[in-house]
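What follows is a set of structures for review.
In the two assemblies presented below, chain A is common to both, partnered first by chain B and then by chain C.
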Partner chain A sequence: MTLRDWVPIVALLVPGLGLILVLIGSVVYIAVAQSFGYYALLGQSEFSLEFWSDVFGRKLFSRAVRYSIYVGFWSAVLSVALAYPLAIWLRKPFSGSIGLGALLKAPLLVHGLVAAFLYINVISYNGLLNQFMQGIGIWSEPRRLQNDSNAFGVLLLQVWKNMPFALLLLTGAVQSISDDILDASRDLGAGPWARFCKIIAPLSISGMQAAMVIIFIGALADFTFQTTVGPTNRQSMAQLMVSFKSRGDWHSAAVVGVSLMTIALLGSALLAFTSRVIMRGGLR
Partner chain B sequence: MAAIGIRGLSKSFDGFQALSELSLEVNQGEFLTLLGPSGCGKTTLLKIISGFLEPSTGSITIGGEDVTRVPPESRDTALCFQSYALFPHLTVLQNLEFGLKQKGVSRDQREVRISEVAAKLELEAQLEKLPNQLSGGQQQRVSLGRALVMRPSVILFDEPLSNLDAKLRDQVRVEISRIQQDYSLTAIYVTHDQSEALAMSDRIVVLNNGKIVQVDTPEDLYAKPRTSFVADFIGGANLISGKVSSQTEKDPITIETSMGQIETSQCVKDNVENVELSWRPERAKIGEGPYRGTIVHRAFQGQFTDLILEQNDTVFRIRTNNDKLCVGEVINFSLSPDDVVVLEADK
Partner chain C sequence: MTYQRLNSLLITMVVTVAFIWLAIPFTMAVLWSLVDPAEPWTADKLLPPVMSFYRWVDMWENSSLRYALISSYTLAPSAALLGLCLALPTAFALGRFDFPGREVAKLLCLLPLVVPPFITAIFFSALLFQLGLNTWRFGAIVFAHSILFLPYAIRILTVSFETVRQDHIDAARDLGASAWARFRVAYFPALKPGISATLLIVFIQSIEEFAIAFIIGSPDIVTIPTLLYSALGQDFVRPNAAVLSLILVVPNVFLMLILERLMRSANPALSSGKG
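Let's look at the complex of A and B:
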């Protein structure tokens, strides 16, 4: 292509792609530069690996990485696992299916922080769940359910918040599979599980990958749910980053931020790749 | 024993009666076509036979076994879809072996069956391709092959040629007939195309409004339609009402119509005065004859010419090899009493 051909293409791309690249590029650049000692808000700006070695040497950091990956991974997997059967169920319209679909997507309209506080009302020491369990005689006294060490509360909220999003993506993907294709697989002897593994999942894999990746990235960088209902004995990466920043240690916060972005990128790629391999494996 | 037995089958959807009290037997190795206009219930019947729909009442047996409530995945049938329904993410080979894997057929057996069918359908060169890399005709052959490798007791076709162009349709039609005969398959074929039905079938079941109107061989169905619906749907016959004017045991019956007196060699029930007659456009012999009409439209069709004639406000169609006749000409023609069919009243 000649320069004359390139000019209109670049001119057309600049308003959209250019803006995105500038916004993302500048943020990534600042974060990476700060993690190496540049753009110091206090003191001297110079190249240094000190912040990386300091943060990577802390047990707090490695625990936060493991914890955030745990939350991100299980949130994505559980949300998609719950959304799939619902998407298949809602694939064909039936009486009340529109209302049901809208109800299932309602959590998308509730802000995460509001959901977290509502959840606390349910599981707190004097909350609804404790009162109910005592009321029906299963528990003799209230139990401490808040801030559980396995972060089940965080996972529950993540799934509650993200499942509708996965449902939205998967419903579209599953609805695009024609009835004839599913009927053909049935006619050839495939039962419900074989139909899911060999036809529905491979044909809706793009929707599933998109849901997994977006939920993983969001849950990996969770701050709201972690600070309200998460375990008190460990921090998420976002929480750790904010705590560094609160102490004025912008360089260490940048190291955590860059690590978070890298894990999000690599984790997403791994998740997308793994899901594709598993789905292809199912065909053999 | 019949390969398929259908007894007292009915199906309704939210108050709409799609099929009413159908009974039918399909013989082993027979090619049976379900023919009828859109909405007559032929696809519903096919879906009930294949197990995708359950009948409201009645039963179905395949090979003597009652399969009325058996799901499609457990039935010994294979369905070829109108849309081909090939799995778009699988290669031709994977499409062909999908059903065999589901049924737990060994790898060796799978290879034998697939290579045999691929050779028969000339698909060897396409095995590694995805469906979207194939032409319509090739996709139809894969769909057929996917059904054939299963070696089903019954193969079902749901308007398999409707997405193909005219030339390809003729070609695939011949292939399907050849394969059905080679494998001695019991086949049920759904179509609304009467020429397809006449060309391929051992017997044709004509359906209308969820009921069987007539079951016959293609030849008999064409020559002796029982009702005006069948006469008109198969081959577009001329229909005319008349009054019986004379009926003796020896001579042909004479019917008084708006065309004039028409003779038929068929019998009319005693005490029946008003009848409906049918005659095929190509049976009219142009030249000398008692009937007369003015050509109001002419359509040259290649091997023959269709003429629309008018006489005394009665319009009828004649098919002739004479392509020299023009609009406005008045012609005479005759009809043999053997070619005039007395129809039953439509139920």
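Let's look at the complex of A and C:
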């Protein structure tokens, strides 16, 4: 292609892709620069590793990192583990399967904050769950279930919101496997487990990896579920970043932000790689 | 157990779980929004003792709800229109020209979806501070929303541009049509569902977006999600939060169902809920 061919293409790409690169590029650049002491809103702007060593030295930060990874990892794994069997079950249409699929995917249409409210409503001290458990005689008095310290509430909401998304991606992946291959393996004597391990898993791996990675990044960087239903004695990384920022400590917020991006990147790569190894039954 | 019996057992199980998962929480939300303050809904009663629309009227008259509705429903169409205008040229290039690096360009368009929203929000606000634009809240949110949701817009419109048939364009040109007439007869009919889908998806995403509106908008601009967030936090009044939840969720469910239909006609491969 000559320069004359390139000019109109570049001109067309500028308002869309160009702006995306400028915005995201400058957001990442500002975050990295601020974490090293530049772009100070108050005081001097100069290179410094002080903010990194300061934030990394805090217990608050290491707890937030561990906690966010815990939420991110389990949200991704549980959502995908629940969605897989459902996707395989719904692969071949049967009467009512479209309705079932729509029912299962319905939480996609519900805003996360609304989901958090619905959840709080059900598990509150005088809520339905407490009354039910007392009604059937398992609990003798209502229990405090809100903001539980193991973050089961956060995980439940993450799965509530993300399982349908994983189902969407996996249904697509599983439905694209042709019947011929599955019939052939059945003829050759493969049972359901062997068919899953040798045919379905390897052929739907990219859908599964995409679901894992997207859910992991979203849950790792969670703010709303954590601040509404999460444990009050721990902070997620996004929450820590926002709290630094609202105190005007932009540099520490930037350190947390850059760490969050790095963990998202490395964690996604690791998750994608590990799931490939597991689904293919070893390194090949 | 036969395959059919197993299947109906599974169907019953999934429907039961979905009932607990969806129907019960939503029924509770509707009931809570109807609780009349004259008599509280206590744990020993199955239904609220007195039901009325008092909370709805009260929220409408005495809270920031009206203001939040106005700002959400002004931000969203503005972001949708701006997003469409920004996405069209890029989608045209990606859909109609074959150039080296096109696949890389398509991948780079997905960048806003990979960076966590609170990072974008916080460091975009840092950027606004550096540029001295930190009081320009409304415009900043519209700008950020339109770019953040460009990946959806570009992807949908690229597919629409790919479906425009070259023989239609050639035929129009052979018949002497001007550039505008060619766009009207050859491009526009194929692009129409994609344009509507783009407007709708950016609209829905913008109505639902929380991080940017929360970080950049506060304290001046209140949107429905930020209002709901504060209703779930420091000023938690259950019936009020129920009213807000329903206001946020009900219109969007209908809009999403329309979107699903549009996406199906724009491109069957894209019909996937939120995209």
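A few comments on the model shown:
Everything below uses one rule, namely that the second predicted complex is superposed on the first by the 261 of 284 C-alpha atoms of A that agree within 3 Å, B and C clash if a C-alpha of one lies under 4 Å from a C-alpha of the other, contacts with A are read in each partner's own complex, and residues count from 1 in each chain.
Criterion: contacts are C-beta pairs under 8 Å (C-beta built on N, C-alpha and C of every residue); 3 or more make two chains touch, one makes a residue touch a chain.
Keep in mind that this is a model prediction, so the values were computed, not measured.
Legend: residue contacts after superposition of the two complexes on their common chain; A:188 is shown touching chain B, with no touch to chain C.
Taking chain B and chain C in turn and counting the residues of chain A each one touches, the greater count comes from C. By the touch criterion defined above, A:133 lies against neither chain B nor chain C after alignment on the C-alpha atoms of chain A. By the touch criterion defined above, A:28 lies against chain C but remains apart from chain B after alignment on the C-alpha atoms of chain A. Shared-chain residue A:210: touches no atom of chain B or chain C. In the superposition on chain A, contact is made by A:199 with chain B only, not with chain C.
Residue contacts after overlaying the shared chain place A:180 against chain B, while chain C stays out of touching range. In the superposed model, A:77 makes contact with neither chain B nor chain C. Across the two superposed structures, the residue set of chain A contacted by chain B and also by chain C is empty. The residues of chain A lying in touch with chain B in their complex are 178, 180-181, 183-191, 194, 198-199, 202-203, 283.
Of all residues in chain B, only 50-52, 71-74, 77-79, 81-83, 85-90, 94, 98-99, 102-103, 146, 150 touch chain A in the complex they form. The residues of chain A lying in touch with chain C in their complex are 1, 5-6, 9, 11-17, 19-21, 23-24, 26-28, 30-31, 34, 39, 41, 86, 89, 94, 96, 100, 103-114, 116-122, 126, 128, 131, 160, 164-165, 168, 172, 217-218, 220-221, 223-224, 227-228, 238, 241-242, 245, 250, 253-254, 257, 260-261, 264. Chain C makes touch with chain A in their complex at residues 7, 10-11, 14-15, 18, 21-22, 24-26, 28-29, 32, 42-43, 85-93, 97, 99-100, 105, 108-109, 111-112, 114-120, 122-124, 126-127, 129-130, 144, 147, 150-151, 154, 208, 210-211, 215, 225, 228-229, 232-233, 238, 241-242, 245, 248-249, 252-253, 256, 272-274.
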